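In the two complexes that follow, subunit A is the common piece, with subunit B as its partner first and subunit C second.
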Partner chain A sequence: MRTTTPPAPTTQATQATQATNSRALHRRRAATVGFHAGAGLLSVLWLIPIALVLVTAVRSFDDIAANGLGALPHSFTLDGFSQAWTDGGQQRALVNSLLVTVPTVLLSLLLASMAAFALSRYDLPGRRTLLLVMLGGNLLPPQILLIPVSKMAELFALHDTLWALIGVQVGFGIGFFVFVLHGFMRAIPAEVQQAAVIDGAGPAQIYWRIVLPLSRPALAALGALSFTWIFNDLLWAITVLRTETRMPITASLLGLQGQYVSQWNVIAAGSVIAAAPTVLVFLRFQRHFVAGLNLGAVK
Partner chain B sequence: MAVLEEAPPVPASRPPRTRRRRGAATRVHPVVVTFVLLPLLIEGFWVFWPALQGFYLSVTDWDGISAAQFVGLDNFREMFGDQVFRDAAVNTALWLLLFGGLSALLGLGAALLLQQERRGVGFYRAALFLPVVFSLVATALVWQAMYQPDGLINNVLEGVGLDGLTRSWLADRDTALYAVLVPALWRQVGYVMVLYLAGLKGIDPMLHEAAKVDGATPWQRFRHVTLPQLRSVNAVVLSVIVIDSLRSFDVVWALTQGGPYHSSELLSTYMYSTAFESLRLGYGSALSVVIFVLAFGVIASYLVRAFREAD
Partner chain C sequence: MATSLPSRRRFLTGAGAAGLSAMLSGCVTSVRSGGGTAGGAVTLQSNLSSPQAKSALQTVVDAFNSRGGSRVSLNTIASETFRTQLPTYLTSANPPDLYTWYPGSVADAYAKRDLLLDLDDLWKGPDLSRYSAALKRLCSTRSGTKVFVPTTYYWWAFFYRKSQFEKWGVSPPETWDEFLDLCDKLKGKKVEPIGMGAGGNTAWISSSWFDYLNIRINGPQYHRDLLAGRHRFDDPEVRRVFDRWDEARPFLDSKSTALPFQDATTELLQGRTGMMLIGTFFADAVPKGGLDDIDFFRFPAIDPEVPMAEEAPTDGYFASARSRRTRQTKELLGYLATAEAQELYLKGSSGTALPTHPDAKDSGTALVKKGRALIEGADEVTQFFNRDSSDELAPTADTALIRYLAEPEKIGSILTTWQRDAEKIWGK
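Moving on, here comes the complex of A and B:
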């Protein structure tokens, strides 16, 4: 906004303040311009790879072969998408990913909220130790579990099934979920629970009717966050699965890279397909998502 | 693009101290016990039991088919003479230092730049945060296109007259590790930024006001007000970074599989290929024990902090 000069006769003092005012204003404006220039440049730098992959995905193979990968596009086609989707097996892989991710998220939330409820609302002997043992399991480097888990899955005839993948993801993630939900649930006032006890409610009813609905914000945050984690997993998938047609989208994307060597339009389209679900979840549940990241931060 | 909004307030981490006994009875209800035991059994089956097996397997020689042979500490002794192991260990240390250090510095820098609520700041935050939701495999493929000989990076270098610097970044032994590091950083910085943004938000503005009144310069305020106030966030970031560094696998596996000539090999990728490609399950387990030992300090300190917070 522009400041108008007052029409009144100006004394030396007001002239001086005006000079400093306009200097301060200039400085502020310069700082604003500087901020947008710096932050804008940074954002553009961060978005370039994404823009490049979007552009590459809609170019034709001939265009890329003739003009090079880093050139400006001379074509527009969705062939890359259809090739990745059907011939490249991305459609099936996406279904596999969702078949693993959705049950894993729901089961983890259910089981972890049960444990967190019991540990935070009842005086169980050794509850603090139990909580930390469970969290400790989640902090283990997964490498130490890979060989035994793959062998165990074979032993129980779960090898190469989506069940094994769901099992290990639930088991490995549960400790972190319990820890976060425990922190949330113990902040619920004791009076709420006492009132329910007086009304004759048992623990199962208190859990399902009172504590779980009150924990909705934490459940939503964890749900949004863990959806992306589990959906994006590669290591567990290639450890317990063998058959190409059962692989989730991350592993299938690696396969696509081998199958369509240097057909960058197909590979780029595949990457877009693989990233789309988590981007959608992020955009839809943004607030929960960011909250979730901070929930896990132990101070 | 939508805009990153502030996180909803999380309930205070310390609840008002109430009487410890919340349930009416001293005897614990069987339902409550089941509620704890069921998840604990599942975690025990998929995590604790396999982890114990992992430790046991590290002192055996096993091909996965015949019975595992107990060999004592031979696997660990073998590591001393294993050049690939040494390369992988050095690369992992470099990775910890560069991936960890740079993502912390850049994340803090981005958070400081974008901490004030002002016009457009939501867009900038979202732009930096967006890669966090991509899988590391997708991230790897995006960058693989950039690194191609006819890709954007070489084109830009030629465009500004630095033709001498162009190379096939991922196939060059001297650059492969760093070429893999950049995509990993690209994805991590937004995450660290969000952690620091929350930390900066928690600083009482009065502290800055007071420092300003005392005539502190912006640098002094950063050094003596902001940094000390961020101590707890720094601890969180440190644990996240160390744990993530030692877990880093996907991005290397997707881009180079540790090559060329193990120049981008990390302990995690070496462990995986030893176990599942060379089928040396005993030696692979020993490598995973090394990774565990490296992570142990951080895990322990994380648990100690969690323990303090838990009650």
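Moving on, here comes the complex of A and C:
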């Protein structure tokens, strides 16, 4: 943009800069609009299934049967929720789910943190092997263990009890938890521990009063993650349980489907009920969820 | 771990692995088998998880418990879970006593592995001894032992809406040519003539077409033999089934393999499709009052020489051979076989099923009366593809038939593949 004509060089220059500026501004605006439109569209795509479930949950079965699942709603009713809650047995199933999930999360965090403490803070023989076995166990697809687990539960006379489910879940969760917590605890400076030793603290005290409080972020993240995993599990539940009254919410949700015909409104309402606890946990521990994603990623 | 030192760590790893595998294999083999007698309530493991059927069965269970004899507790499992877990239930050391399931070759497969309770003495009782000869044959294993108690059955046919047929000015056909003619007329009126509903997770619906065409062209005996592995899927007889299907294929709804049958039912009710080959269970997906307008006609005759068989899948119960409450279980089975129990169940359920007891009354609607007449007048009765073969063979049919509907010109290679897949299952 060289100005060769002497008269009013400044005005021209200003005009030129203004033009460039406004062009850049335009481009930036267009980019912003494009970004928001694109992101908005993506999130709408993401939300459509959820919206569909919510809408289906408040329709009546006759409306769905007459107009189809994809049609615009012609009815509004909360019957689906009450049917799922009482007739579908979701109330009892929700209690079962919490009876399994809460102890499992607490127990596996306790055991895993103990193991991780020992493995990361002390030079135990075979600790590398142990960690590798735990990691290897995580790579194993759970499907191949269904039959052994089912037979073992029977052998220990635990099958068809919530204890069996708690045991299985703790067993399967612990490998991953130890691995993650080990990575986290290793990063705690040795000086902290040494200072405690000088002050006369034994391993138990160091674990309980030093390492555990320092690992709180990792524990919270793992707790939140494992809550959703265990709460949403179906496979182990139907493997070790066989009585209707002991089934957790996921299995009872499946039970809402008929052999041939499914009442989609009741199933949708049931899904909303089943999703509520995990959504609550997510909202409460949102921060930790994100933290959990890169936990153990950086050593 | 690139060192070649025989370290203690390695030894421990190896010892641990060996110990673990020994423990696991020990678990698999050392589960004791039960048997004998015990007290307590009979457990009835049921797959009737839809709310209506579940509460209907609960009424029957309550009625049995109020008689003051043995007691039973109903345990309803999601039908999908039940299907996959049934072998686990039956082989466990302390299994549930009684199960809802199917008679015929499916029950026979379990009986062959000594998992089912022998019910010969029960069949000599006042109710079961009067059941039809066809049912007696159906509930026996190949070696002749009775292992099953049937309670209800339903039928398959082309269902349509009476008011729509009147509006279009058409009437139900008797023969294959009339049927094609009807389809042609409907097509002319811009209606999709035949709905199917083999999409989503109900691909098995397509087997009904294969079953019926095979039964009408090659006869029911050939059909049963084919499913039992005594004929081949790449035989010219089977090829003829698809030649006929080719004639009807242009009239199938374009969404045949896109919609699950429940949505296809909605299409039928809204008049977008003309008719649908379906079992009466579809009635559960019909809104209240909609059933009055529904009528059906039997699958049209193709070859007048072939006896007219109909598909009428039978439902009922079998008991575990390892049950510790055999006396109580048989008492319950005896009750379930009575007309009283079957009527009680039908009253509570959606009412399109038929009782197996000769004296039991059905729900009495015109549709059900016509259905009962259809089955009672049939020359022979078949079950359904999966029940006449096995749970393993059924998926091969789904794969082959859905592929045929997508690429009909490749039928030759499809049948060859089907035969190969089936041989793997029959060979077991």
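The rule is simple: the second predicted complex is superposed on the first by the 279 of 299 C-alpha atoms of A that agree within 3 Å, B and C clash if a C-alpha of one lies under 4 Å from a C-alpha of the other, contacts with A are read in each partner's own complex, and residues count from 1 in each chain.
Just so we're on the same page, a contact is a pair of C-beta atoms (placed from the backbone, for glycine too) under 8 Å apart; a residue touches a chain by one contact, two chains touch by 3 or more.
Owing to the predicted nature of the structure, the values given are computational and were not obtained by experimental measurement.
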Overlay on subunit A: subunit C relative to subunit B, clash or fit: clash
First, second, both or neither for A:V266, with subunit B first and subunit C second: second
Touching partner for A:L99 - first (subunit B), second (subunit C), both, neither: neither
Subunit B versus subunit C as contact partner of A:D123, first or second or both or neither: first
Touching partner for A:P142 - first (subunit B), second (subunit C), both, neither: first
Touched partner set for A:F61, first subunit B, second subunit C, both or neither: second
Which superposed partner A:V168 touches (first subunit B, second subunit C, both, neither): first
Subunit B versus subunit C as contact partner of A:M152, first or second or both or neither: both
Contacts of A:Q83 with subunit B and subunit C, given as first, second, both or neither: second
Contact breadth on subunit A, by residue count: subunit C or subunit B: B
Partner chain in contact with A:T243 - subunit B first, subunit C second, else both or neither: second
Subunit B/subunit C common contact set on subunit A: 68-69, 128, 147-148, 150-152, 239, 251, 254, 257
Subunit C - residues contacting subunit A, complex: 8-9, 12-13, 16, 24, 27-28, 30-31, 45, 47-51, 53, 55, 75-81, 84-85, 88-89, 92-94, 96, 261-263, 265-267, 269-270, 279, 281-282, 284-288, 290
Subunit A - residues contacting subunit B, complex: 35-36, 38-40, 42-43, 46-50, 52-53, 56, 68-71, 111-112, 114-115, 117-119, 121-124, 128, 130-132, 134-152, 167-168, 170-172, 174-175, 178-179, 182-184, 186-187, 189-190, 193-194, 197, 202-204, 207, 217, 228, 231-235, 239, 249-251, 253-254, 257, 264, 267-268, 270-271, 274-275, 278-279, 281-283, 286-287, 289-291, 293-295, 297-299
Interface residues, subunit B side, partner subunit A - complex: 2, 4-8, 10-13, 15-16, 18-24, 28-29, 31-33, 35-36, 38-40, 42-43, 45-51, 53-55, 57, 64, 110, 113-114, 118, 120-121, 123-124, 127-131, 133-138, 141-146, 148, 150-156, 186, 190-191, 194-195, 198, 232-233, 235-236, 239-240, 243, 246-247, 249-250, 253-254, 267-268, 271-272, 275-276, 281, 284-285, 287-289, 291-292, 295, 299, 302-303, 305-307, 309-311
Touching residues (chain side subunit A, partner subunit C) in the complex: 61-63, 65-69, 83, 87-88, 125-126, 128-129, 133, 147-148, 150-152, 154-155, 159, 238-239, 242-244, 251-252, 254-263, 266
